[in-house]
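After this come two complexes, each holding subunit A, first together with subunit B and then together with subunit C.
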Partner chain A sequence: MLRELFSLALIQHTIRTATPLILAALGGLLTQQAGILNIGMEGMILLGAFFGVVGSYFLGSSLAGVGLAILVGVLIGLIFGFFVIDLKSDEFIIGIAINIFAGGLTVFLLRSIFGVKGAFSSPGIIPLPRISIPFLENISFLDTIFNNHSIFVYLSWIFVVLVYTFLYKTPQGTWLIASGEYPQALETAGISPRKMKYISSVACGVFCGMAGSHLSLGYLTLFTENMSANRGFIALAAIIFGKSNPIKTLIAALLFGFFDALGMRLQVVGVPSQFTQMVPYLATILALFIVTKRQMDKSKKGAIEINE
Partner chain B sequence: MKKRIIALALVAILVSATLIGCGSDSGTVSGEGTKVGLVLAGGLGDRSFYDSANEGVEEAKEKLGIDFKVYECRNDPSLYNDQMVQASQYADIVAVVGHEFGDLILEIPTEFPEVHYIYVDSEIEGIDNVTTVSYAENEGSFLAGALAAMLTTDTSIEGMNADKKIGMVGGMDIPVIRNFLVGYEAGAKYIDPDMEVIPLFAEDFEDPAKGKESATVLYDRGADIVFAVAGKTGEGVFEAAKELDRYAIGVDTDQRYINPESIVASMVKRVGKSIYEVIEIVENGDIEPGKVVYYGLSQDGVGMGYGTDDMVQYATEEMKAELEDIKTKIVSGEIEVPAGK
Partner chain C sequence: MGDKIIELKNISKQFPGVLANDNINLEIDKGEIHAIIGENGAGKSTLMNTLYGLFEPTSGEIYIDGNKVRFLSPLDAIKHKIGMVHQHFMLVPSFTVAENIVLGIEPRKNKLFINKDEAIKITEDLSKTYGLYVDPRQKVETISVGIQQRIEILKVLHKGADILILDEPTAVLTPQETQELFSIVRNLVDNLGKTVIIITHKLQEVLQLSDRVSVMRQGKMIGTLNTKEANEQILAEMMVGREVLFDKLERKEVPHKEILKVQNIKAKDNRGLMIIKDISLNLKSGEVLGIAGIEGNGQSELIEVLTGLRSLEDGDIIVNDVSLINSTPKEIRNASIAHVPEDRLAMGLSKDASIYENILMGSQYNEEYTKIKIQLNNKKIKKRAKDLIKKFDIRTPSEDVLIGNLSGGNMQKVVIAREFSFNTEILIIAQPTRGVDIGAIEFIHEQIIEKRNQGAAILLVSADLDEIFRLSDRILTIYEGRITGEFKQGDITKKEIGLYMTGRNKSELGGGIGEEING
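Entry: the complex of A and B
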């Protein structure tokens, strides 16, 4: 039974489920670092998913779909930034507004552009290509796990490294973090925190646009209303979990994906769905507990050291 | 000040765009016909359950000359109460669709005694102005299970293995879906007692990505046919079937048109037909107060849909004949189908 549960397909499943989370979370952690709590990711993903399908269907290329999704992401990132940074509106409310707006707009446009309600699928939607890494093909288990995924699966890993390098190895990254932690200091250094916050907001729109287009063109080849299905919020949880560090956030997203996949498999071997449904949440609470405990221990130790 | 104006203007644009998005659809108003309000827990466009309900009021408009409005709640629980009250204020007959309204159907009708309510998927009795409609999903699913069992060992069809396994993706572990499952299982076992039925509940009616993963898990375990009883989540099941060259069975409406290559048939639950017929009875004034109306195979409330003739037919004429035979046996009571609700 354990063999059935922990198969290679489980790892594949984990990777697939985690990818949209990773992409969205990379964007969200940038705004988080810049001191903006962005709960609008859910809506941004949904817009990305919709415009991905629009671009792919009308322009006949999945790349155009992704491009359009990113373009819309930039726009919505600018709108979000304008409200939160310049007008100093409550970021929570603007986030909710974006989610509601995205839900309404996609329903409206689905009806007026495609003339359908609820769901749109068509052979005219060109999916994103799948990729295999040639040298892995010879090793069978690596082949099953890592090959034949949609292109964004690999891109998301590269982006994790890029965002990590940007944040911690470049001056611009430090500025971005400073704009969230201590904007006055950044201002003293002659750099505008406003600009850094705007960059983070737009970057978040771009990443969510990619997450959405991956969902509708890579993971699936269709659009349905609300297909983001709370992934924006799970991504936010991954960010908080990973303390806005790209690598830790990646691990958190993979964990969520893993427990989701495990839950489904447990059900298939006969565990009642009411229990398997709890698995991801139980795991989250447990992990949060461990993380906080370790943190508390650390700070306690620090305090003792200072006392000595 | 200028900023404030810009902000206000932007908010106005955002809000108005949102409002355009939702709102209620009205059938074009003509004359003084009976008004019907259709309240949906989800939204139109699921190409399944809710759309079927909508067909019912469309038909009533055409044939009985009623006017109707659709009130969609888009799975937002905060709207259930409001939309139902709105519909009750507008209409003479309110059709309520979705198990989510289980509590409200006990309260709101007592406040609008002059309005007649039709509540599908329930067996509540004793409220004078409420007629509930109960479907024998188990009977229809019995046929779906039987068909799946016949097809899954037919290795002449590309992608079928000899394993005696079939699967089902359920939207949620609730009594209605359980009713599909027990019928499906019984039907499969009627054809071959060794048939193994693997159910998987996605716990979501609106997440096609999850539906795709669920189906993938079932196909991995050797099931070649998966019965998708999961609303929009089911769209993901069809995608998985297409991608992995396996097969699926649709639900509620005849869903074969979505992808005739991989959807072998559909278990049709004629929500629309039942709503239409109850509206007709209410219109004629023949309705018995506070009763349950049953729709099973014998009332043609459930059944199989094989798409149109131009589609590839996986179910052969012999299979269809056998299913017809099973159907008559169920109607006559010779086969007793277990119930899950």
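Entry: the complex of A and C
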């Protein structure tokens, strides 16, 4: 049974399930760095998933689907930014509002556009292309793990490197971090923290749009109600676990992806699905507990060093 | 000297409901240290923020080197070589010194990326040029306040500033750091051709450092003097607008009797660390015992322990031969201790309650103010509030006004009025004049000394050394949760006491001054 559980397929599955988490988390860590707690990622992903299907179905191209999802992401990022940055509303409440709004809107539009309830699938939805890398085909285990994934799987890794480079190697990345940590310092340096915060908010919308369209056009080829399935919150957990560092957040997202995959594999070997579905969430809670504990210990230790 | 580098003409700044600057004229000469003084709310920070481009004036004109300019953002001011060192440092804690210095004008490589080596080199060069040593690779969050200020000054200089505005630069510094800052500023002006504008309300510093001084009051410019022709008395009068009588405080000889004894106490802070490591002290009737120390060395916790807000780990607190261990704050008040807390809005007052309700607090069980045990007697309560408003000179239209609508000074007077009117044997007073204007400071100081003369035992904690020196009969220095020295009024100077406050007494003074009571 263990052999069946811990097979190559598990790793392959981990990579697949981690991708939407990685994408959303990259967006969320940018807002986090800019000092905004964004719990609206969940809704942003859901909207991305829906409009991905809409674009792909009506425009007949998966790229158009992704494009539409990103466009909606930009829009929702601007709306989020307007409320949180300019109107200074509580980011927690705006985040929840976006989640509720996205849930309601997608159900409503699902019925009014496609005339169905619950889920929409159709051969008319063009999926994202899968990438096959020729030289991997010769090495059987690498082939199983890394080859023939949907395009966003590979893109997400590239984005990790790009976001990392942006944050820590470019002036603009530094400004974004400063806008979250100490906006007044940035302001007196003559750079607008508001602008940096808006950039982070819109970027978050874009990444969540991609995460969503990956769900509905890459991971699966359909839309179901609430198909984001709390991935936005798990992505947030990954951000906190990874302390908003893209590399560490990637590792955290892979970890959560692993538990998700493990949950599904457990189902294969006969564990009731009610239990297996708990696995990723339990892992999330456990991870957050460990991180919080670690931080508390650290701040205690730091304080002792200063005091003694 | 002599060339006008800055001219402000008829500057006014209107905020909703407040005219913060009213037709201000000011001239700054090249190569001078120009102090701008005034009480809280006099408009000096508004004026300087206008000069730095953070606010646009409602009306009026700014001239730099004789040319009219208009500043829409700090960038415009920076272009005209004006730099500002803010009271709260504008440094990002998790960034290194070098990263902070180049923030906003990072050196680049391949156009896109930050050149970190170049940033470090820039910092090292600056450090050398101005003789201000900093470690470019160190993170700001690990650096002391005095050094952070240096970084802030270097940052401003790096932007090419020839005119430096320093906003309350000494508020957070120890006496030693203050002297260091002054020699830095002197060097910048005398040897490097810079012009410095310094905003402050500390008169002694103005007299020590500046060439000229301009005084503001209630949004208006009162006048500019050559510092040589000024003294504390003149400046204080210009600031307050009437005669201020310093050192009128009259101390009567009062019989001393030991009332409060603190024996080897230990206590933890909110993070669970031992912050009070070993403190013993005694407090006698008819004296003010001042505790001098840099904030965060256990004085706040000491006060909380004494007032029952924090539990003891070890040791004993004895008032009139009765131990107060495990007593509730109410029991402690009944044991004749009143408390003026350090943060009036967090602990001393309810902002959304009226003056009379705030004055009632702590007396609500007193039968004098209740009708049939469960109903308050508002008539009597208001009567008392009215009496105290008069006695303590609280400026308000009526006792029904909400605390939140009063000025800082008047809020503090409400706290003082309430606590002093309990007529306790012991008064524990923390930061009695923080953020309070000179007129109110004077009044509060008089009230404290009057209490002392009536025989109260007063424990005073203040971050303001001037206040400690002015009021105390005896001074204890506290450092890292221990008492490091005990001095009688007049036995020690502020500069010397600074060493005890930073725990450096043993190596630098050899314990030669004052009497050490702790090993």
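Note that the second predicted complex is superposed on the first by the 261 of 308 C-alpha atoms of A that agree within 3 Å, B and C clash if a C-alpha of one lies under 4 Å from a C-alpha of the other, contacts with A are read in each partner's own complex, and residues count from 1 in each chain.
In this text, contacts are C-beta pairs under 8 Å (C-beta built on N, C-alpha and C of every residue); 3 or more make two chains touch, one makes a residue touch a chain.
Worth saying up front: this structure is predicted, and the values here are computed from it rather than measured.
Contacts of A:L186 after superposition: subunit C is touched, whereas subunit B is not reached.
Within the superposed three-chain model, A:I125 lies out of touch with both subunit B and subunit C [touch as defined at top]. Within the superposed three-chain model, A:A237 lies out of touch with both subunit B and subunit C [touch as defined at top].
Looking at the shared chain after the overlay, A:G104 reaches subunit B, while subunit C stays out of its contact range.
Touching more residues of subunit A than its counterpart among subunit B and subunit C is B.
Of the two partner chains placed by the overlay, neither subunit B nor subunit C lies in contact with A:V66. Within the superposed three-chain model, A:L215 lies in touch with subunit B and out of touch with subunit C [touch as defined at top]. Once chain A of one complex is fitted onto chain A of the other, the partner contacts of A:F83 are limited to subunit B, with no touch recorded for subunit C.
Once the two complexes are laid over each other on the shared chain, residue contacts for A:K169 go to subunit C alone; subunit B is not touched. Contacts of A:A178 after superposition on the shared chain: subunit C is touched, whereas subunit B is not.
Overlap of the subunit B and subunit C contact sets on subunit A: empty, with no shared residue. The touching residues of subunit A, counted against subunit C in their complex, run 165, 169-171, 174-175, 177-178, 181-182, 184-191, 299-300, 303-304, 307. Taken together, the subunit C residues at the contact with subunit A in this complex read 73-75, 78, 84, 86, 88, 90-95, 99-100, 103-106, 108, 112-114, 271-275, 480. Against subunit B, the residues of subunit A that register as touching in their complex are 7, 9, 13, 16-17, 20, 79, 82-83, 86-87, 89, 97, 100-101, 103-108, 110, 116-119, 121, 215, 219-222, 224-227, 229, 260-261, 264-265, 267-268, 272-274, 277. For subunit B in complex with subunit A, the touching residues are 3, 7, 10-11, 14, 17-22, 43-47, 51, 74-75, 173, 198, 200-201, 203-204, 206-210, 212-214, 216-218, 220-221, 232, 235-236, 239, 258.
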